[in-house]
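Here is the structure we will look at.
Chains: A, B, C, D, E and F, in written order; residue numbering restarts at 1 for each.
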Amino acid sequence: MYELGVVYRNIQRADREVADRLRAFGSATVHEALGRLGLLKPCMRPIYAGAQVSGTAVTVLMHPGDNWMLHVAAEQIRDGDIVVAAVTADCTDGYFGDLLATSFKARGAHALIIDAGVRDVKTLTEMRFPVWSKAISAKGTIKATVGSVNIPVVCAGALVTPGDVIVADDDGVVCVPSSRAAEVADAAAAREANEGAKRAKLAAGVLGLDMYSMREPLAKAGLRYID
Amino acid sequence: MYELGVVYRNIQRADREVADRLRAFGSATVHEALGRLGLLKPCMRPIYAGAQVSGTAVTVLMHPGDNWMLHVAAEQIRDGDIVVAAVTADCTDGYFGDLLATSFKARGAHALIIDAGVRDVKTLTEMRFPVWSKAISAKGTIKATVGSVNIPVVCAGALVTPGDVIVADDDGVVCVPSSRAAEVADAAAAREANEGAKRAKLAAGVLGLDMYSMREPLAKAGLRYID
Amino acid sequence: MYELGVVYRNIQRADREVADRLRAFGSATVHEALGRLGLLKPCMRPIYAGAQVSGTAVTVLMHPGDNWMLHVAAEQIRDGDIVVAAVTADCTDGYFGDLLATSFKARGAHALIIDAGVRDVKTLTEMRFPVWSKAISAKGTIKATVGSVNIPVVCAGALVTPGDVIVADDDGVVCVPSSRAAEVADAAAAREANEGAKRAKLAAGVLGLDMYSMREPLAKAGLRYID
Amino acid sequence: MYELGVVYRNIQRADREVADRLRAFGSATVHEALGRLGLLKPCMRPIYAGAQVSGTAVTVLMHPGDNWMLHVAAEQIRDGDIVVAAVTADCTDGYFGDLLATSFKARGAHALIIDAGVRDVKTLTEMRFPVWSKAISAKGTIKATVGSVNIPVVCAGALVTPGDVIVADDDGVVCVPSSRAAEVADAAAAREANEGAKRAKLAAGVLGLDMYSMREPLAKAGLRYID
Amino acid sequence: MYELGVVYRNIQRADREVADRLRAFGSATVHEALGRLGLLKPCMRPIYAGAQVSGTAVTVLMHPGDNWMLHVAAEQIRDGDIVVAAVTADCTDGYFGDLLATSFKARGAHALIIDAGVRDVKTLTEMRFPVWSKAISAKGTIKATVGSVNIPVVCAGALVTPGDVIVADDDGVVCVPSSRAAEVADAAAAREANEGAKRAKLAAGVLGLDMYSMREPLAKAGLRYID
Amino acid sequence: MYELGVVYRNIQRADREVADRLRAFGSATVHEALGRLGLLKPCMRPIYAGAQVSGTAVTVLMHPGDNWMLHVAAEQIRDGDIVVAAVTADCTDGYFGDLLATSFKARGAHALIIDAGVRDVKTLTEMRFPVWSKAISAKGTIKATVGSVNIPVVCAGALVTPGDVIVADDDGVVCVPSSRAAEVADAAAAREANEGAKRAKLAAGVLGLDMYSMREPLAKAGLRYID
């Protein structure tokens, strides 16, 4: 992990079909299916509402105020990838704008996840190129120092290994290890399977207290009702 | 106030008609009418723009990462209520999603105000179930420890007593003590009554300096003009 | 700069035509054209997406929780101005609402930039009066202490001198010194001139690595590729 | 609670002996004894390390940037009190310095707890007048608007009613309702009673796993050991 | 102000004697004497308690993660100066350590004020070289991009012009424009002159309410006492 | 990495002698020697000044508000270890106090690094058991949900693998992968070897500009001097 100045060209991507399948479940369900792990910090917000994506991670590690490696990463993108960019220290500069988005999109990227800032968000929104970032900033960056591409990185508090599946929507961003992607997709499907029935019951006024049989454990835990 | 593990079933709600009436004034006017008190901290933001609600408070106190009491609270909701949820320590987890929203809505809740995070915001937006929270997070919660329902709570810096009137819109969330709700509604109406005339004057180019007769007090306070 | 209680009536505004011309480039390009300087902190966010403005700065310095000087500033506004408001200490109160916006608009103001909070954001959005602020808050302010109008101020970390050109959009807010506005507009135009060609190349799959001839400097900087 | 412009002169203070007794337990033990409630947010830090105090609350509610009511509060202080100061909006100004500390000390105050800033901290430290605050700031305040003294206030997220017992040390600040002070002191004493024995065992290398019989519940909760 | 890549060698420093004289008053008194202006944000904290300094500002503007210009600044230091360092974007990296401190000290610098991070704080403390910073961080910086020395800068929210007087202590950091330094020193002396008498009265139990004749204005402002 | 409910008993610790040797260099030098990587975020602060430690990592992953796994971790501690504790969501609760410190110390732990809060800091300071944390809080935790011990964790933004070397002092906390520990110790020693000579030169007034031959590269980078 601790390497600067390297680009790994051949990474093991999670199965494309599984990655695609995870998209529909959304970040909350996938996070649960993964055992409530793998979530990036909630400061990571989409630049526009409604985007819902999944893809395999191409990772980037950069220095504060320096976006040189995003150009290096562009070449490593394959159709269906999501670029996950980390910075070695806290930085809100605008690392990414409409030109890089045009390039990433042309290479087949589904989205960018970046633990820093982006700019040209109006154009990115019109292009429908989704980005999750912790800031929006007009401040540009330089190209002076090399970082790395496709090494494991810590992005917004979560470890992301190249090839992992990223699922992102309005609720946030979750990283699924490629080795567990298929199993997590199955677990997510199982979770969703009976949600429709539950929703119908709740909509009809049935209480979660009864539907989930919570009254007894609550009483055991000491809950008292006072009139 | 200092009780864990209790649910008060019979609370004194503010008059429903008064609660309804306060909605139209919005949080800013109500906050002024209340003497510039009762406001929750501005970190409380709506999950979608444009919602404007009022209702009587059903309060919940929970532990970090544990949303068990939201299910308990659901049973206490009556038509026209707003659930106000506090946590005993800072937490951004997603305590609430579309299933609970379905249940709350079926019970007649107008909104949720929560000093923590929520998830499924895309679905909540489609359902038009408004939530004011300090975070959006896909991270789920457990159901392990009991808290309380319908005790006075401190939510985002404001004291909320069960039955108080909550008014929330794009500007924020304000809590009106039930004993003062009628008086505050009258004061808010009085404030609004002459706003139309003021707006027309200002739109015509009349200055607030003249309309509010500020020139003399400003001069007395020492303001000097330099050409 | 260090004066309280003064209003400068005659300020030297940047050329109106140049100020207008800068609008179309947007904050990111203008910031680059200025040598990556003059940006306000990224905590300054628009109250609604999509607004893009420029104008000459009328500055205001106020005390925390006191918006008296905004009324004083209104009189100094000329068509094409943008009011830039600073506070002597951190404050998120709602200094500005729909009545002041009506007045500012009637005087010809293009926008408000305020290092504090605003309210009535729903109405402001409907009026299409754009505001960049660091908070939205229903909390009103008092009118008790005088500040100053049209002195140099530090707003969200940037120095703004009366008459400077302000450019603001979804990416943020940048301040261009009036003495450099024409030169910056030319530099911004030059930057944009060849963006179309670059975008077309990138859209066609050409890599920035090649388009910008980065491969050699990257190798010199020590970047290694590993298969 | 929602009153501005009032000073309650006769408040019901918790028993002085009980308040004194709670001091020695410290904030962590008292917080546990109270059922893990009543804690102010951890942003409240002592201005110097090592102070440990208790006392009965005299409360103050002030406006941002205005410390007038601290002078009003001084007159209400009796020997053994702790002044608890809240502000109606977030503010880090230096509301309190060595002159007010001299006055408070002369009146018998044990400490100040303030959800804002203080200054003259070097002199306060030399005087050994302890303060817990969320900021240190040289910025002074004005005296323009009245607030209240001895009404219930929310200070750093906790409700404090006049006469409640405040316990503060390096770990933070806890508020004990006066009605529960005696009971909490007993519970805290019980907690401490067997801490000595536990500490000796742990120091001798006995594991908490065994001392607290945790192995079985951990196994039941699914914990697995892997060699 | 808007210049990168320049070093001004001949700056107009405030009178040394006046700068020295301001030290004893401390930041709070100087800030008041200046009309409650000129204060840096309270996030600027000393790396050790008890330091109290004044000096004339040598200013530095740097890029995030790049401390090259501190070496350039060292040459411009004269005995009695304080280096004031700003960064063009938020950054907490450790720009300064014991080697630079040795150099600054040898050149006669009294302190460093930096709107970023520093490191080697244990050694700096042993050397008694005082630093006010917003962070402490072991993370080092690169030397790749030029900034400027001795241009006006915005540091922690305050404008600092080369040659201004800086006063810093445990309460914070204040910047006094060189043109006003003598006048401010006199005003500060006048403030302090009668503080001793006030302190004695307050220590004897006289209330600020009486000493400052506040009872009548408070009553006029509507304050009511309730028994 | 993504496992909850497991305890790895046999981890590969870095060489003890190397871990010990790294202590004297301190976090800043080790961080540089590692290629400016491996640093935990600067919000991690020591509870008392002056501690300087190194040791091999025993890692813990816990849930917000739940410290059960610290007891499980205690059993895995060997002499010379440092416990590194991560939480699955942001939490400032006081996970650790004097009883656990007594146990950890008895087991041979050198320190605790925790991305959450601690309490009993006065006693911990008296015991000289050093802790680096992001908060101090009297708020206790529960023991309800299992996490893991000795899996790779992300702590304050850095990946820590069990057995890695941790170096911590007043400047912060750095994690050195066990595979690189010996090499980093050599690099750190080399860095330090010529620091003494440099320090002497700088103390004698030699400028870094000359000692590091910076004048030419600065001129090439465009730096201009103006008299």
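Basically, a residue touches a chain if its C-beta (ideal position, glycine included) is under 8 Å from a C-beta of that chain, and two chains touch if they have at least 3 such contacts.
Worth saying up front: this structure is predicted, and the values here are computed from it rather than measured.
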State which chains count as neighbours of chain B and simultaneously of chain F. A, D
Count the residue numbers both chain E and chain F use at their shared interface, divide by all numbers used there, and answer same if that is over half, different if under half. different
Centroid spacing, where centroids are CA-atom means, of chain A and chain C in whole angstrom: 31
Separation of mean Cα positions, chain F and chain A [Å, integer]: 28
Centroid from C-alpha atoms only, then distance chain C to chain D, rounded to Å. What do you get? 42
Residues of chain D engaged with two or more neighbouring chains: 36, 39, 88-90, 92, 137, 139, 145
Go ahead and list every pair of chains that touch. A-B, A-C, A-E, A-F, B-C, B-D, B-F, C-D, C-E, D-E, D-F, E-F
Touching chain A in the complex: which residues of chain F? 1-2, 4, 34-39, 41, 88-90, 152, 154, 157-159, 177, 180
Residues of chain D touching chain C in their complex? 63-66, 88-93, 137, 139, 142, 144-145
So, in the complex, the side of chain F touching chain E is made of residues 26-28, 31-32, 36, 39, 42, 45, 49-50, 52, 169-174, 195, 198-199, 202-205, 207-209, 212, 214, 218, 221-227
Please output the residues of chain C touching chain B within their complex, sorted ascending. 5-10, 68, 71-72, 74-75, 92, 94, 97-100, 102-103, 105-107, 117, 119-122, 125, 135-140, 143, 145-146
